[in-house]
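Before I ask anything, let me first share the structure, which is written out below as structure tokens.
Note that the chains are named A, B and C in the order they appear, and that numbering of residues resets to 1 at the start of each chain.
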């Protein structure tokens, strides 16, 4: 089954998303279209990359992901299609694709633009057709000219030593839970059973839970979540508001000597 | 046709909803997935129950309803699948299911958890597979171990006597209309053609309309709505704001002697 | 393939949209249902008409568009089904349909109401069945009694002379871009290569770009967008907030002598 997912910063109060879907349906009505989100903050590449990275692998290999986040990009950004971890992606080469995987891109082409493409709505006029053709089995190489790589953006990196891990908040989700870029693997490699202190805002914690339910109502919990990232929440509360943490806030883990 | 509906408090700005859909599609791509809402207020069991109760019967019998509202629940809440009014439901046994029907649950099982289920995302790791299997025809009994009943929560009850009906606001909808728990049947049983006064906030009304359009623009209307519940609105206005009523506000009907 | 699109002002926090979909699925499970938007501002016919006008032609001819915007309308508004530009529409005859096309309506019928239709939820009780039947091939004439025309509302008209074009903002989209009712055709007819000044708020511009990317970051751009309407934006910014323009604000183009 051919699947195209949609991820945009278009919002849901305009015709933009439906126009993209209509274009895909006209080209190939057998395609199943699934929304990932249309509520990515306008032009927020980090938000879009976080959501895409967190979910694209849940879809079957070969799924086509149409990405319309900050699509009008910069002057020199190309429109591209690419293969990565056996998934296919179509969108603007604004750096977002470099943030969704640590694996190398398998193939990338600069899309050939249709003659009648308006310059203001590439999701409909460029990406929809490319995605529909890919989902229908057209090889990537027929959609444009080979390009060597995708544009690279550098994520905030975790700084990890034997003494401490210094990370950041990369997402506050809709429930107010705080997701950091500190990975379970990094923590386990460095902690080696040592005691530790997790610090953020003015708070200190000496335990990471294995489930939300180990906290009492209104209490802070720390878990490695389903993405294996350190997540901070308040059981039955809004952690971001209550702890005063937001995007990019610092979160540290110090290991005892 | 196999249908799975989704009702969650996950919001639409994260990967959560798409991750659930992707899991269902991987298990059985023939399933039709329909969103009920993902904008249930975080952890609000009453809101989720009201929306589910208002719509599940509109779907064909045998539809599977995946409910991800307050799913991480309390420490001792099970994950369950159940049959009720010939519909199937999957979710956390946090009391929500006791609020959607006056009929007894036909069958309920405590779900057997997959080995690799993360504890923080049961909608994807537990509910999606259970819903997909149910929609594909797997009997409820194969998904877990029998449980006697679902957890009971008690709804705000209407107090009804020959003299008056005392009810409450159970939902303010997106248009600002106020929905109460006063049922048409209760009203008709007790009114028997008597005159009456409906009271809420500082307002008094002596008439219940049969359609919105009987009110003038900007005027208050009272109707028994499509759910046979007393609804208060302002024709072409926002009743909740203008009348100062919100969730749980009291609404009374007094019958003349 | 039978397609029904949905456009409503119901929001996404209630059961309303799902109830409409469930009704359609029960009548004809082979229908593909596509959301246009459910976030039209409550009762805002201009917003609904703008979105529908901007997208309906992108769907295949014969698509059925169910419109639930300001559906409870006024006392004397009929519920109608109609054909226009070879698309089919179902909704309340509140004037919206007169705003979506300059072409004459091909056929319009006043819908015969089902016996058990509640008066408060026409989208589910009247429109869903009509849309499903139309999508399944039932001729328009079988759904009701012929009506001569649809109710007319008059849009804000552009005033155009050889000296100037005086238009208005008709939509601020979710990104803050400002869409006006000044059409590319009108501009090209009158400008004939003359120099010109575009004025709005306190701002003056002497150039219309051909793409967003011609502006610098934070700079204002003017383009004829994918609907061939003059659009004003800030490259990587929110134009409505920064320029202080909103719905109905005046935008003028004066031609040099």
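One rule holds in what follows: a residue touches a chain if its C-beta (ideal position, glycine included) is under 8 Å from a C-beta of that chain, and two chains touch if they have at least 3 such contacts.
Note that this is a predicted model, so its numbers are computed, not measured.
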Practice item. Please decide if copies subunit A and subunit B contact each other with the same set of residue positions, more than half shared, or with different positions, and reply same or different. Key: different
Review point. Can you tell me the C-alpha superposition angle of subunit B onto subunit C, nearest 5°?
Key: 120
Point to revise | Between subunit A and subunit B, centroid-to-centroid distance (C-alpha), Å | key: 32
Review point. What residues in subunit B touch two or more of the other chains?
Key: 12
Check your understanding: Which subunit C residues qualify as touching subunit B in the complex?
Key -> 9-19, 21-23, 25-26, 29, 42-43, 72-75, 118-121, 124-125
Check your understanding: What residues of subunit A sit close enough to touch subunit B in their complex?
Key -> 1, 3, 5, 12, 32, 34-40, 47, 51-52, 54-55, 58-60, 171, 173-176, 210-213, 223, 225-226, 231, 235-236, 238
